[in-house]
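Below is one structure; the comments refer to it alone.
Going in written order, the chains are labelled A, B, C, D and E, and every chain counts its residues from 1.
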Amino acid sequence: MPSSKTREVSISALLLAVTLVCVAAVLLITVYLMWAGLPAISEIGLGNFLLGKEWASTSSNPKFGILPFILTSVYGTFGAILIGVPIGIGAAVFLSKIAKGPVKRILTSAIDILAGIPSVIYGLIGMLTLVPGIRKLFGLPDGASLLAAIIVLAVMILPSIIKLSAVALDSVPKEYEEASLALGSTPMEAYLHVSIPAARSGIIASIVLGIGRAIGEAMAIMMVSGNVANMPSLFGSVRFLTTAIASEMSYSSGLQRQALFSIALVLFAFIMIVNALLHLILKKGKKHE
Amino acid sequence: MKQEPIIRCRKLSLWYSKTQALKDITIDFYPNSVNALIGPSGCGKSTFIKTLNRLNDLISEVRTEGEVFYRNTEIRDPGLDVTDLRKEIGMVFQKPNPFPMSIYDNIAYGPRTHGIRNRSELDDIVENALKSAALWDETSDRLRKSAMGLSGGQQQRLCIARAIAVQPQVLLMDEPTSALDPISTAKIEELLSVLKEKFTIIIVTHNMQQAMRSSDTTSFFLLGELVESGNTEQVFSHPHDKRTEDYITGRFG
Amino acid sequence: MNRRQAAGICSRILVLASATIVIAILAFIICEVVGRGAGSLTWQLISTTPSYLNGTIGILPDIANTIYLLLFSLVLALPIGVISAIYLTEYAHPGKIESCIEFAIETLSGIPSIIYGLVGMLVFCQLFNFKTSLAAGACTLAIMNIPTVIRTVQESLKTVPQSYREGALALGSGKGHTIWTVVLPNAIDGIMSGCILSAGRVTSESAALLFTAGFAHSLVPLSEALSSPGASLSVALYVYAKEQGEFGVAFAIAIMLLIITFLINLAAMMIAKAKKKQI
Amino acid sequence: AKEKASVSTDGSTSMEKVIGALGEAFMNQNPGIKFTYNPTGSGSGISAVKEGRCDIGLSSRALNDSEIAEGLNQTVLAYDGISIVVNNSNPVTGLSIEQLALIFTGKIANWKEVGGNDQTIVVIGREAGSGTRDGFETITGTKESCLYRQELTSTGDVIASISQNPAAIGYASLSSVKDTVKTLKVDGVIPSEQSIADETYKIQRPFIMVTSNARTLSPSAQAFFDFAMSAGTESIISNAGAVDAK
Amino acid sequence: MKQEPIIRCRKLSLWYSKTQALKDITIDFYPNSVNALIGPSGCGKSTFIKTLNRLNDLISEVRTEGEVFYRNTEIRDPGLDVTDLRKEIGMVFQKPNPFPMSIYDNIAYGPRTHGIRNRSELDDIVENALKSAALWDETSDRLRKSAMGLSGGQQQRLCIARAIAVQPQVLLMDEPTSALDPISTAKIEELLSVLKEKFTIIIVTHNMQQAMRSSDTTSFFLLGELVESGNTEQVFSHPHDKRTEDYITGRFG
């Protein structure tokens, strides 16, 4: 029988091997997206691809410029953050500091359920109520627009912002708030001036996570954004990076199909940047503790 | 006794939902004195001092009975503005708990909360508070650095300075040295004798020697009761109660 | 009223309003879904397969497919996730490989499902030649779920008191033995919530499945499920709403999905409660 | 284990009803054969046949020259009418093909120019690559010049959006149109089985089955092919909303 | 000195990454004695006894220097089978830490780990261990019940029984009574005098009275140094070192 020491070492090695599946998966995804996405980029030209303002994938003289998609994704995400973050942080403060008993339980479940609702349902309801609502409210010929997508995205990222921010607020040592109260501040002042700054890194992480979610969402916004490859405008019909892939993939062939994979590659690059940012923030937050 | 008591407590009882943590506490604290509260763990010392600045309000299901006066204000009054009360009665906690901000902002936090925005006024307050807490020399060149970088003892003095900065009348201290090394402890004990010239100090301690060394009066709590209270020398040399004697000779606790 | 009081009231209102908005959104969604779908949610819908000849719609195959996907993806994701969590919390020392793994896990959990769908299609459907099938869908979902399983199990492992490990080690128990006999039994809740959260993701996922598992509505037995294409409930919702304009059916499915989401949350809450009691 | 004999089809989403019904009837007749249909879109159906990923591809547009040159074969199974639909509240009842072309290319921008209310026209279409869009644009001669307000990815979306917007116009497969929207006459003809069969209704497209010259069909696939093209399936196809091509 | 020491420690130093927690500790422990380790919080008592059973291995970045022998085995030897070592040197912790299983399974855990499967053999071991820890009478009728249902004092005796069940030679105890009430404390102190007939006991304590009452030798640690070590009576009545005197008279800590 091997000594206990070698046994422990070999167990550890075995477990490590399984754990590396995650790394392998990330590598696989990266390699495959490059393999599938690079040919079209090299054929179209990186500049034409990223900065081209026109997307006409099926015309006899096809154009593959994805600047409208990139800008739409950026604006859409930014808008969703603009709406979602204040509400999210407000609700997180309520959840973590004020709510008690049944109110807290109900709010927690509500957030969990919102997080679990399939995105298709958000899209469906958005299409049937939000889009006509926007049309009537703003007196537009049609309501399918960037604005509708922004609202749907804001709602969809709310749960993760609230949950993560609430966790960050929960983990602020109670001593800080006590100290603030003992100095004669009101509870609300303690939350605003001490708890939120102390939970900063967690809250920022939740926002970055929200950005990632918003950039990656496809199914819901496809149904409310009109889906035309215009340059973005708030009340105009727009197409996102994700919806560009989802809407044409099933009918595509040839260079068009390859270009769709190139869009996926660009999307992936965005996500990797967001992830790296998140990683940095979390790491910095850990160091701070 | 020469003066009016600054805090006057009559038959104070306190319940955490159903369990009684304080039983009929009657005690007076006089201005410009250091008052030690001793007793084994769980006897209600922290609970008692937190009723004095209503920090127990944070815990739902706390119920009190009896009377507690700060000068002529009934502390238990539900209509009382607790922020005013806490401005008068400051507190320092067991674990040093500076805010995760700069040293300056820590001290300025209280005055800012109470509406002082003027820059040079704040500068003065910060300097004076740090000097009163004997921390000015060590920190005057790093006021903008994070308070988290200070040592434990420095952090605790910072917390004292922070409490002083709102110019309270009474300072509550809950085992302020139990997390500190002997040298920092000595520094803070020294500070007590200076601070009592301006403030009334009520200090909880586990360390009998500390109570003996630095307090004017000592009160012994046991299981929520105030067993004995009086002049420190007298309590330690001639305790009235058998339980006090057992405790101070280390027979339990 | 002074400035301080005004600010206090304002911030209070803002915070309260935010929380109200969240509840209101959920209430609105539930009302919409139930209002539009309740009429179509019949026993016949749940218990039959669709027939083009009769023009009837039934979602039994979609329910079965959802269950198959759940089973297959958990069978893959659970062991890998649990083992990885054990390695990371119990064995790993901070180092290059570990931060690499951490980064990989974070990346995996941040990748949008549409990219999983595309890569799943390239890798599982084409490279591994699974074709468009539940097997390809399940493999894709498994990879999506591994980070969730790892994180929940890790959380749970971290709550197992260090004193249990010390106690066992001080008795001369080896590390592996300690984990198996003392640590893991106390992390069962984490493994279960890992399962439950994954289940939630599997039922609500659509983008990743469209390209990998397809959207056929035929009922197949378990033995043939792996090689057949099939729609899960979420995909069926998508297809019925979008391709066929059958909004009643779509919202009926949405009601079912909401109920499943609710049950999943209930189960997760109960597990957390049981754990709390135990400690 | 011995695999059950099977036929796999893959392609156009518009053909779902027709092919689903045919498949179901076929399986009722041949319980030993498993029929699968994967509604992925015309383009993918065509490439699936080419790459051998399915037995029969389904396309709702005719193959183009390069596809035929790659060795693919097409067989017309049925014809499908493309209905022009507007919101139920729209007073307009019919348009000419010329008017349609002008509307879809943005040259007519207000309903009052064609006898409707004073409202900006909202043009709703399908995504690039859609067989329905290809059919519509080819017939109206608007290829590559349509100005859409929305490009939706499915028939259901088009109908839902139009039903929500009084100013919208769009097109959708005849078989999918329900009474939530209003079907317009084109050149005075309302689309119906009759008007499509006699070609008085102009906007129509073929439903085709695509096979590869490079491979011979498996016996079960051949059986399905023959079944679909047999005379007995007329009623199945017309019940599914299309017009039999035989 | 009558016998060979069972544990012999020469110039043992220990670092947590860069900070030194133990400095040149040289000390011997003899069989069948109770050895108390005292000193203020953070002085390295726990660190020291955890080096004796290599439980410090759990912490990465721990580095030791010097020699520590258990009989003739160098404890620091990286090739040493620590499971064997820990079978010889048992440990009881500050907070009672029974496993969340039945009382029986708790005690049987060690023997099972070391390969004993036979049912009746296990029964005997469990019974004897519980009897040695003076817990048999209280638990014999509920062996199959969860150990978490026991009181704190009973749980701590269970942990002692669990440690005894693998028949160690040395028992390390890290403040075994500091989380317990006075009555449970008395019971465990009583137990010590019985247990020392079979084992060598090394016990960390904060309570000077406890050290005086129940130990044969006492060692005083301060800031990682072993300041003084010797016969208990002598250390408490005539400490050699000024720091020891300061500490035992409560001047700090």
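Following the convention adopted for this analysis, a contact is a pair of C-beta atoms (placed from the backbone, for glycine too) under 8 Å apart; a residue touches a chain by one contact, two chains touch by 3 or more.
Just so it is clear, the structure is predicted and the values come from calculations on it, not from any experiment.
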Centroid comparison with subunit B (C-alpha atoms), farthest chain: D
Subunit B onto subunit E, rotation angle from CA fit, given as a multiple of 5 degrees: 175
Centre distance in Å when subunit D and subunit E are each reduced to the mean of their C-alpha atoms: 82
Separation of subunit A from subunit D, taking each centre as the mean of its C-alpha atoms, in whole Å: 36
Subunit B and subunit C, separation of their C-alpha mean positions in angstrom: 51
Computed distance of Cα centres, subunit D from subunit B, in Å: 82
For subunit A, residues that touch 2 or more chains besides their own: 4, 128, 186, 189, 223, 246
Sequence positions of subunit D contacting 2 or more other chains: 13, 40, 153, 157, 160
Shared interface positions of subunit E, touching two or more other chains: 82-83
Subunit C residues within the subunit E interface of the complex: 93-94, 161, 163-174, 177, 181-182, 185-186, 278
Subunit D contact footprint on subunit C (complex, rising order): 51-53, 55, 131-132, 214-216, 218, 224, 228-229, 239-247
Residues on subunit A engaged by subunit B in the complex (per definition of touch): 100, 173, 175-176, 178-186, 189, 193-194, 197-198, 288
Parts of subunit A lying in touch with subunit D, wherever the complex brings them together: 56-60, 127-128, 131-132, 135, 141-144, 222-223, 226-229, 237, 239, 246-248, 250-253, 256
In the complex with subunit A, residue positions of subunit C that touch it: 8, 11-12, 14-19, 21-23, 25-26, 29, 32-33, 36, 79-80, 83-84, 86-88, 91-92, 97, 100-108, 110-116, 118-119, 122-123, 143, 146-147, 150, 174-176, 200, 203-207, 210-211, 234, 237-238, 241-242, 247, 250-251, 254, 257-258, 261-262, 264-265, 268-269
